[in-house]
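Take a look at the structures listed below.
Okay, so chain A shows up in both of these, paired with chain B first and chain C after.
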Partner chain A sequence: MRKQAWLRAAAGLTAAALVLTACSQKSNEGSGDSDGGDSAPSAGWPETPDVEIKDGKPGGTFRFGITEPTAIDPYNGQESEGLLVTKQLFTGLVQADPDGNIEPGVADKWEANDDCSQWTFDLKTGTKFHNGEEVNSESFKRGWERVSAKASASEVAYHLTGIEGFDEMQAGTANALSGVDASDPAKLVVKLTDPNCEWYVRTVHPVFSPVPSTAGAPATNTAYVEAPIGNGPFMMDGPWQHDVGIKLKRFEDYSIGHKAYLDSVEITITANGSQDEYAGYQNGTFDWARMPTPVLEQARATYEPQNQWITRNTNGMNYLLVMGTQKPLDDVKARKALSMAIDRDAIINGVFKGSMTPATAFVPPVFPDAFQEGLCEACTFNLDEAKKLAKEAGLAEGTELNFQFNVDAGHEEWTAAIKDQLETNLGLKVNLSGVQFPDLLNNEQQPGASGIYRAAWGADYPTPSNFLQPLLSTEAIGAGPSEPTTGDNRGRYSNEKFDQLLKDGFATKDEAERIKKFQEAEKIAIGDDQALIPLWYRTQHRLANTEKFINLRMDFSENPDLYEISIK
Partner chain B sequence: MGKFVIRRLAQAVMVVIAATILLFIGLFVLGDPFASSGDKVVPPETQAILREKFGMDQSLPMQYLTYLGNLVTGDLGIDLNQRRPVADMIGAALPNTARLALIAIIIDVIIGVVAGIIAAVWRYSFWDVLVTIITTLAIGVPTFVIGVWLRQTVSGVWIFPQVPRSFTELAPWYTEVLLPAVTLAIVDAAFIARLMRGSMLEVLRMDYIRTARAKGLGERTVIMKHAFRNSIIPVVTYVGISIGILLGGAIITETLFQYNGVGYLLYRSILQNNNPVIMAIVTFAVLIYVLLSMIVDILYAYLDPRIRLS
Partner chain C sequence: MTTTPDPATAAQAVFVESAEHAGPGEAPEPQQQGKQKSHGQFADMWRRFRRNRLAMAGLVVVVILIVLALLQPVISPYDPYDQNLLNTLASPGGDHLMGTDALGRDLFSGLLYGLRLALLVGLLTMLGSMTLGVTLGALAGYRGKIADGLVMRTTDIFLAFPFLIGAILVVRTFGTGVFQVIIALVILGWPTAARLMRGQILALRESEYVEAARSIGASDWRIVTRHILPNAIQPVFIYSFTSIGVAVVAMASLAYLGVGVPPDTPEWGRMINMGIEQVQVAGKDFLWMFPSAAICLTTLVFAFVADGLRDSLDPKLR
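== the complex of A and B ==
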């Protein structure tokens, strides 16, 4: 008992100290912009400028570290580390550039029919797999069926949901995707059960990669799984040495774009992730590194002057999941009051030392065409307005608010700071509790769940709709009001107008018009209804050896863009 | 002696079965390896397909019986994450861990026994005080502190390979194993030195030592022939158990030095809820442990006839 009380006191003191330092730092910056709504974000390190991509020359070995991936075969590649390797080994129908713009891959041209229920991809002819086999429409059909087959038990097969015949293959009742027609080697025709005018964007995901006939289906051919033969700019140089490393070399017959410049890429598998990567960068082992959060400030001070530092806002958003169907947050005013009572700048300066950028919208700036800066008016700290709204919503002093986060993932400090701000600013009684990640999800899914939860999201495909549809559409609840949710809309937000705008968006062929629909939808869900509380964008920092290499930049998945990197 | 061995064997089998049952239940309680554990939910349909593939749609007792049946035939199953045969994974890690354990034991036995004897024979001398101080320090400082310190200061110097380093920069196994082995050996050596000192002091007070001295035997013969053999028993027990623990993998030390042994594999598997690998490694550790303590008991019986008779 005594020990617990002591611990709690210590935790409270730390939190208080944090908030205090946050406040003092803020007042040091001075100039009273805290209640002005129109000022540019005052916290956060600026993004480093875009790298101008120059022609490279062949040669060199690029070295960096990752943690052991689950799979590098496209059938089950899932985490960023595995997909990094898969993307070097395979080139899909289309590809995304570092800003998420879609560029041709094996497909030159793609087109949907009038209602976007059927897609036709015209393929380049004469492109090759690493073993010399030609890549044609059959290679894609084979790859997709290999993923869909029940016996492959792919954990990422759900990306193919919506293709005709996919459900039957997952159920084990069919051996082929009835909706994929590969009768013309140079044309791939895909029929969808859910019409979608931006479906082609999905195919940037490596799960849509083509595979040669040696791959075999279902995906149980271990020789292939351990050393996949693909059609990408790099090929395996020997099999994957588990827990040790992966070596890639340039594919000399790559004809989808220019050949890769690097002779080889050495990917060392480390035990301690970013910690080892940073240590390896410091001792000259690696040419690229992630860093643990505590060293960011120091590393930036050392490496930014040397031009070896990269900061980018990337595909992701940190936010608070809001249980808006349950008291005390079932009133939009209560949700806005909460959002306005959080001083994001203070937390970013105090806890994150400036390494994040406060959010003013939900779809992040990495989608420049869809990004609506300032859309979330309640994302600006405004104490008077917050108090007023709280009063109107009946969010009285002493109201209990449940706030959960997952432990051991670096969320302890900032969640404590938010608790402190809400208690100080609105007089709420915040019950902050840290739980294991699976428990957090499980608690969020329960019908009676209330309060706020730590959450983050990154799009699977480079489209703003992937921030809206899975998190906020009615169908993504996947359950009735008295059942646990099965989709990602765990806040159970449901708004017919929002659903209709999304639906209209998916049925609009013109890209600019489509994005307008999604923007309107975001305005309703976040701007008007405050269905979620955005906190800060996902901002990533990397070290890159610009002394030896040029064209060093982060790709859309936050990995080094190996295809363009060249020695000086 | 034969009866003693048989009794000991029967005990060992029961311990193994009980341990696997406990372990199985423990893993089940720990959580569902296929439940969502990230920001995105795993669709329920996908979870169902995975459970079916790995036989986890069966009831718990059924799963246990299947596991036990497979274990007897030497089939350790497929890991849930990368879907490789667990036997292959352990097969790759075990030689590394065995090497590490062996080198660590050699280092700590040599240092520990010598230091212990010196401290006991020249009791209250400068050397005794030194041994006491050093062993107290070594036991007090946690292994990971020693490991982190060694990694930061010594790795990359002289013959010690850099950590981390690119996997293409190969280092001979005996240099790679050295730092983790020293890290592991420091604490063990301290324990052994204290054990050795204590039991040696006790033995030196025995009547038969006085008798030996009275017979006119040289001090060297008294210590090495009469005292040493009798005082080494607790050390033998300790070393036996220590080998068992080390073969089960040194989680922290192996992870710290990027050393691909059983401990590192176990660490990763626990993070991933990778039940078949955890089951296999822990079962293996139990087996080794049981086997070694059995051997130690039998050795005891050989070293001290009173044990075999009681």
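== the complex of A and C ==
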């Protein structure tokens, strides 16, 4: 679902580019065998070292740019730009650290019952909203009901699916979440209709934020929507100036952790996204910036020696959506042939100048416990095998293949490179077409859609299952074979064994065991069935003003970790 | 492999035809001079045209461009579609006269291929909108009444569309491709030609020589094609010639916006778009400069020639 978010963020290009991950700075030497000893440099830039977080001191204003958010009120926070702001204004039950590890928020303890159908969160007492009101279990219940109410028309309410009473609220037949018990102010009890042993991870999402009693309904209290009063380390300094900027200042009564160090945060809303941010960083008006893909190489050469460069593998994946129920890709051999005929290293080096890391699995390395390097054997360039499989699958010379991407988001070049490789290596006739993003999404939902589509995914919650369940489970197709899909499983992949493993995983309490189930499921969908074609992980690059500030790092959502940043 | 849009042969036909229109002066001069008396009108025109230096210079460049476009398959140093991911964004010089793009494709070869596309689209658009415009304009002007109302209201509708928006609509309806672009440009280009034509016909319809023809029983068809058209077509022709440059720019604009030709086509607008992505990178300005210069040059020389044509055809300037 963060797909759209990325697109907005990219606002021009680039960000859209993508992903990658961690630890594995392996160089896939796979391209060697095709070019006869032509040893291309290995793809991917290494992550910059982790920043050691030190105690800061109060003071300073931190400045950077974002594009116009959709919403900064948690009830409808849905894309990177808005969520950046929301996360400063609100602290939820639990929080994710930059590596995706779960840490306490307002809750300092949480546990599930035996079958994971009920979760109990013990809340810290005495923490406050920006207006002085105390945060208790009722604040959370109020916030969640505000999201669930039909009248709110929240576009992110689906995150609360599975809470007892949610469906009734969405239907408009109830005005309270029957499954949420807030009778004890220091205890929040949540009943689920679908047992889920990792459900608490979901509450990382700002849509699960508490709201004060003054929040009211989004439709009637627009003042709150424009300047939300939360319980986070920063508070609004005046309302959101649309298309201009948002100002935040330190919340002095924050007691969930230490107080924020920065006096204030000045967020400028730019028209051209990363282009403007890069220009702003260069002329000193910003302390943090994203960059358009083409300038990465040059910017890195300038700023990395000055220690102002951050590279991180983040929570996302770039891949080709495969219409595996339609010819010509309804044969697993055809899908593997396609995947093997793509020389990812060559594209990354040639088009991205090395700034991406080729993918060999679908769950990215940012989840070190779940990451299975090399799981996707067909992700390694192998011309002979690709030709052999193509032949067996009936992909003949001149077979037509539909390939769509969205225009104006920096995808023109690499998609053309993939087209060229598929045509040269397999003799296919690739019909590459660029369409607007909404058209792309609409086209890939249609029952007759065939071929491959450019796609990227960022997980909403820091758990590997969020890469598998929404994109590959049968229930996520959400439609019959002759109807447009409604879920995110647009390739209509359906495998009972895979579905069962996911279900077993969600019902497994032990985390290690649970992840094992998810790994097995990924092995079936990607390793065996090649339901999607992974391309490169999401790797993000940032410029950060280390001359004036310390503790500069990217959080799990790729934003500056404003809470820890301090002047020198 | 990637296919060249097949209109190559069609293009040649067009080029020949347009050469006739634009430059009867291809013939050696002495011969031209000798024929002057027997061949009154054209020779006269050519004489006046030659006196216009800018127009002559334009004509020379137009001829060169047409020759380059025709010879593109032969003189292109590389296949414009050939990618080389090991040599992307190479600066001009060395093996690549104008450098390479983000996919390692030779920019000069792409530019030549783009020239072919631009001329093809420009000339076919001109021919198409002129044919359509003249036919419907003549019909409206000569027949009047219902035909006139119908055609003129239709032109009103088409002229009401902002050009680019209209073209985007049409291309989105018909799909992606060079011929779809041509169709779009023709659809949006003919109304002006039709209006010009109609105005001319209205003026000439009542003239004495037409009345004379009518009085000896000439058919409508004969009157229009033999008596009125030759006298009425000049302004339309000049307008259409001017529109070649407009069509070239329009196609590039569409491609720049990601509409029209397939995304990996070496087309000038697309090349500029890809170049703009690199605009913040030092030393990569050549990516958009070369195709931009090509568009400027092409539209400029066609404008010069059209200008010269007008001057040489306008009886008032004789």
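The definition used in the following text is that the second predicted complex is superposed on the first by the 525 of 568 C-alpha atoms of A that agree within 3 Å, B and C clash if a C-alpha of one lies under 4 Å from a C-alpha of the other, contacts with A are read in each partner's own complex, and residues count from 1 in each chain.
The rule we apply is simple: a residue touches a chain if its C-beta (ideal position, glycine included) is under 8 Å from a C-beta of that chain, and two chains touch if they have at least 3 such contacts.
The structure displayed is predicted, hence computed values, not measured ones.
When the shared chain is aligned, chain C comes close enough to touch A:292, but chain B does not. Of the two partner chains placed around the shared chain by superposition, chain C is the only one that A:423 touches, whereas chain B remains out of contact. In the superposed model, A:456 lies in contact with chain B only, and not with chain C. In the superposed model, A:68 lies in contact with chain B only, and not with chain C. By the touch criterion stated above, A:126 is placed in contact with neither chain B nor chain C.
Of the two partner chains placed by superposition, only chain C is touched by A:351; chain B is not.
In the superposed model, A:432 lies in contact with chain C only, and not with chain B. By the touch criterion stated above, A:408 is placed in contact with chain C alone, chain B being left untouched.
In the superposition on chain A, A:279 makes contact with both chain B and chain C. Between chain B and chain C, B touches the greater number of residues of chain A. Chain A residues 279 lie at the interface with chain B in one structure and with chain C in the other. Residues of chain A that touch chain B in their complex: 63, 65, 68, 70-71, 150-151, 153, 155, 157-158, 170, 222, 225, 241-245, 247, 266, 268-272, 276-277, 279-280, 283, 285-286, 436-438, 441-442, 445, 455-458, 470, 486-488.
Contact residues of chain A toward chain C in the complex are 13, 38, 40, 275, 278-279, 292-295, 297-298, 343, 346-347, 349-351, 353, 405, 407-408, 410, 412-413, 415-417, 419-420, 423-424, 432-434. Residues 31-32, 35-46, 49-50, 52-53, 81-84, 89, 92, 156, 162-169, 255-256, 258, 260, 264-265, 267-268 of chain B touch chain A in their complex. Across the interface of their complex, chain A is touched by residues 1-2, 81, 83-86, 88, 102-104, 176, 258, 262-264, 273-274, 277-278, 280-282, 284 of chain C.
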